[in-house]
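The first chain written gets the first letter, and so on, giving A, B, C and D; residue counts start at 1 in each chain.
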Amino acid sequence: MLVGNGYGKSAVRLVTVRRGPEIHELKDVTVAIRLEGDFETAYTEGDNSRVLPTDTMKNTVYALAADHPLEDIESFGLLLTDHFFRDQVASARVELTEHLWDRLHPHAFRRAGGERRTAVVTRTRDGARVTAGIADLVVMKTAKSAFEGFPRDRYTTLAETSDRLLATSVTAEWTYGRLDIPFNDRWSEVRHRLLEVFVDHDSRSVQQTLYAMGAAALETADVEEIRLVMPNIHHIPVDLTRFGLENRNEVFVATSEPYGLIEATLRRG
Amino acid sequence: MLVGNGYGKSAVRLVTVRRGPEIHELKDVTVAIRLEGDFETAYTEGDNSRVLPTDTMKNTVYALAADHPLEDIESFGLLLTDHFFRDQVASARVELTEHLWDRLHPHAFRRAGGERRTAVVTRTRDGARVTAGIADLVVMKTAKSAFEGFPRDRYTTLAETSDRLLATSVTAEWTYGRLDIPFNDRWSEVRHRLLEVFVDHDSRSVQQTLYAMGAAALETADVEEIRLVMPNIHHIPVDLTRFGLENRNEVFVATSEPYGLIEATLRRG
Amino acid sequence: MLVGNGYGKSAVRLVTVRRGPEIHELKDVTVAIRLEGDFETAYTEGDNSRVLPTDTMKNTVYALAADHPLEDIESFGLLLTDHFFRDQVASARVELTEHLWDRLHPHAFRRAGGERRTAVVTRTRDGARVTAGIADLVVMKTAKSAFEGFPRDRYTTLAETSDRLLATSVTAEWTYGRLDIPFNDRWSEVRHRLLEVFVDHDSRSVQQTLYAMGAAALETADVEEIRLVMPNIHHIPVDLTRFGLENRNEVFVATSEPYGLIEATLRRG
Amino acid sequence: MLVGNGYGKSAVRLVTVRRGPEIHELKDVTVAIRLEGDFETAYTEGDNSRVLPTDTMKNTVYALAADHPLEDIESFGLLLTDHFFRDQVASARVELTEHLWDRLHPHAFRRAGGERRTAVVTRTRDGARVTAGIADLVVMKTAKSAFEGFPRDRYTTLAETSDRLLATSVTAEWTYGRLDIPFNDRWSEVRHRLLEVFVDHDSRSVQQTLYAMGAAALETADVEEIRLVMPNIHHIPVDLTRFGLENRNEVFVATSEPYGLIEATLRRG
């Protein structure tokens, strides 16, 4: 018995250049489209008569980008879900990942690095829902981070610390209560608040800092809910006493595994 | 307002060797632990008194592996969730990924490649639930795959084809109705059924083949539900007419992006 | 002053299917082409009149694959260098990486995993040279590996061990003295010898095992020289005494960094 | 017969924090060490008496970092090669990759992204040699890039273009003629010159732009030679006429494979 299904196209790579008289605007986006709905006979009988090819979905991304200047990924996602929500489709979901470029010159750019801007737009009979986000914003603070007062059991060997490095790769996703808003401004404001609190917060744990960041983000207009995922990327002080040296909290091993993983969802009010 | 939270340790890398008189048994597993429950004051007040360190979770994985020979990842996951489900924990979830090795010799092994065996064990007040799985089992068939009869709109350029390459990276996750079963046998049987149908099926679409594979897997004892995710990894016939040559369906460009993504969940009965 | 230059096309993804009456033969290859020669004015003056577009190189790979059944990557590399070695080209170099598939059925295959077969063919005025190879063949032995008797200085903390896990990802490249040989047979024989020695060798160090493997490979007909690169992928015994437990050399942390890196080149005679 | 050998430790992950009264200085470096020399009996006889463990090399990196503030990776590489060049070592080579962080605050940082700073220091009996570099600096220009006037053969299908996107991931390595120089200043100046020319150059080909960038870099004091590797990351205009639309050079498919690969070495004088 088929109890759920979905299909679509992933990793559609779109770059647009808007050529103004003075400067060029560059957008670099990866798009994924996913449709759910009444496609059951495609699965059970091999009936393709309702299965819009995923190749057509790809073409549609490029065709709509030609007709509608890409101002922000949220609006482009709304345009795409609008297009795909028809006939037997119960839910059209578009995920957009924007690869950020810094401007070097009116016609030249430098790839900004690991951080990406994300959006998920979902349209059902109940309307559209927009989630904006940030992925892989890697930050570190070298002061004001402690982890003390935790419980110990027979397997606990971790030392308490009042001054550790705190590094994380922030992934944030937040939902807007309205759709007619300046998406670029809102995104920049949420990002600014997240960074500001990360930097300033006197952290007793990743959990506490995450919560403070989320609470600050919720003060941005139209943001109703935010989910934050913050891995704890450990930097372990090297035991230099083995070499007759002292580690004045200055020399660390950066580790990639294992890592702590902390997440929470906060809602306004 | 905190409406959800979870934390744990990810990417704990465990290798065990059981040294029998004749042969050695090797297990190579990556473990992730995630706890949910009443941790609210850690977020809101920086109170760590209930926050078992993720470092302790890591130690626990190694300590329990020393005491309990690792026969299958499902049982080890049950052991771990049993350990972590206590006090303020409402849900203990353990994800295990087994990196497979082929035996070369009683004491030597070759890494089997991309395919991995997976398990997710979740324990709440209602008991434990075991999901087993396969990830990244990449397969291709060079016959008995078509895609025809699909709808066309103004953006459709795809040609119908009665004989294409069908390649995918199978990810499957299925749930057992009981916990006292031979997990290794069940896993092997599901895997065997999935491959058998993939090979034999006269495919009108990825959807149809996925459904047939899932239906076959559900015939395995104790399997109640299965979710399959099968990207369509496109191999595009090269247009050789531009060079005065014919392509007898023999020369293809392998592409990594974009790709179709098909998924469905089937339940027994 | 320009003292060296080269250009070409990388990551050309070619899949061919030879459709016999009974079974299909699948080849999955990534090709890179690199030309050196008298291209100086392209660099210094922007004169493109001698610069065969890399797009044409890509097309050529597909066109030649259509005309010549791909039996082994070495022969296909010779065909390609033959084609590109002309006019102002002083050196045509083709690198080929074959992604291996195991046969499931006359028309179906399973991706074999991380291990790949490689070849580099270089053609200059002095003729062609063929190097065959293996990349990322990951193997582990759980017995007959020690590391003792090494020098110690003030920074040495490593314990001597008479029984450790030895894991590595073998990369091998060997050169043939002739070009009219059965490349598939030779490749299989070298691979067999490398694995056989890895398994059987009573290892005092990665260096010693690497040397023994190389020496065995050189016994294969037509192999003149072999280079082996074998990272030491460390598996560290967990100190379980902290938990009141004993580690009977059974529980290990698999680590990805840092890793030892051992390499050597052996020549026949 | 052993005709070459080397061994060492790779992927040593070092982070240092220098805690000034006002601000913290962060360095995040990956180090690889490689020794060549008279290690033959280790290979042929399993004699480890001269084989300094790679684990000791790793410890040495942390110990020396504790004693010597890490000002620039070139100086730290010189310190390390100085340490390891002794006894039977004929060549000590240290590769350093610095992961760049932007400052957010006196005690907080943001990972700068894909671009990295690199250095290779090699010490032999003839003294030390320092190569500095940049890896994966991804840049794009949306004007002043053409590719025309190239030769055509039967496999050429590429259209000439007077206005294309030019995107590349610059890898540069340059050698200094002296060792007593301000490495940070030199590095910044070379990087500035490379970017400046990339942006301003009226490009007829990647080759020509690469050459102009290299020539500019060679004007930096003490730079004797520079090697540049610049993949041509293709952005292909979408044929929108199939959908009754026009592409005003504004909508592109970003591709990851295949890619052109252009490289050259320039020497001063």
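Going forward, contacts are C-beta pairs under 8 Å (C-beta built on N, C-alpha and C of every residue); 3 or more make two chains touch, one makes a residue touch a chain.
Quick caveat, the model's predicted, so the values are computed rather than measured.
*Asks:* So using the touch definition from the top, which pair is joined by more C-beta contacts, A-C or C-D?
*Replies:* The comparison resolves to C-D.
*Asks:* Does the chain A and chain D pair touch with the same residues on each side or with different residues, judged by whether over half of the numbers are shared?
*Replies:* same
*Asks:* Just the number, please: Cα centre separation of chain C and chain D in whole Å.
*Replies:* Taking the average C-alpha coordinate of chain C and of chain D, the gap between them is 23 Å.
*Asks:* List the centre-to-centre spacing of chain A and chain D in whole Å, with centres computed as mean CA coordinates.
*Replies:* Centre separation, chain A to chain D: 29 Å.
*Asks:* Report, in whole Å, the distance between the mean C-alpha point of chain A and the mean C-alpha point of chain C.
*Replies:* Comparing mean C-alpha positions, chain C is 37 Å from chain A.
*Asks:* At least two other chains touched by the same residue of chain C: list those residues.
*Replies:* Correct list: 13, 59, 63, 155, 157, 242-243, 256-257.
*Asks:* Quick check on the complex: what are the chain A residues that touch chain D?
*Replies:* Answer in residue numbers: 13-19, 24, 26, 28, 59, 62-63, 65-67, 101, 104-105, 107-115, 137-144, 165, 195, 198-200, 235, 238, 240, 242-243, 245-256.
*Asks:* Under the definition above, what is the set of chain A residues touching chain B in their complex?
*Replies:* It is residues 1-13, 32, 34, 39, 42-56, 58-60, 63, 147-153, 155-158, 203-208, 210-211, 225, 227, 231-232, 256-269 of chain A that touch chain B.
*Asks:* Taking the touch rule as given, give the residues of chain B at its contact with chain D in the complex, in rising order.
*Replies:* 154-155, 157, 242-244, 256-257
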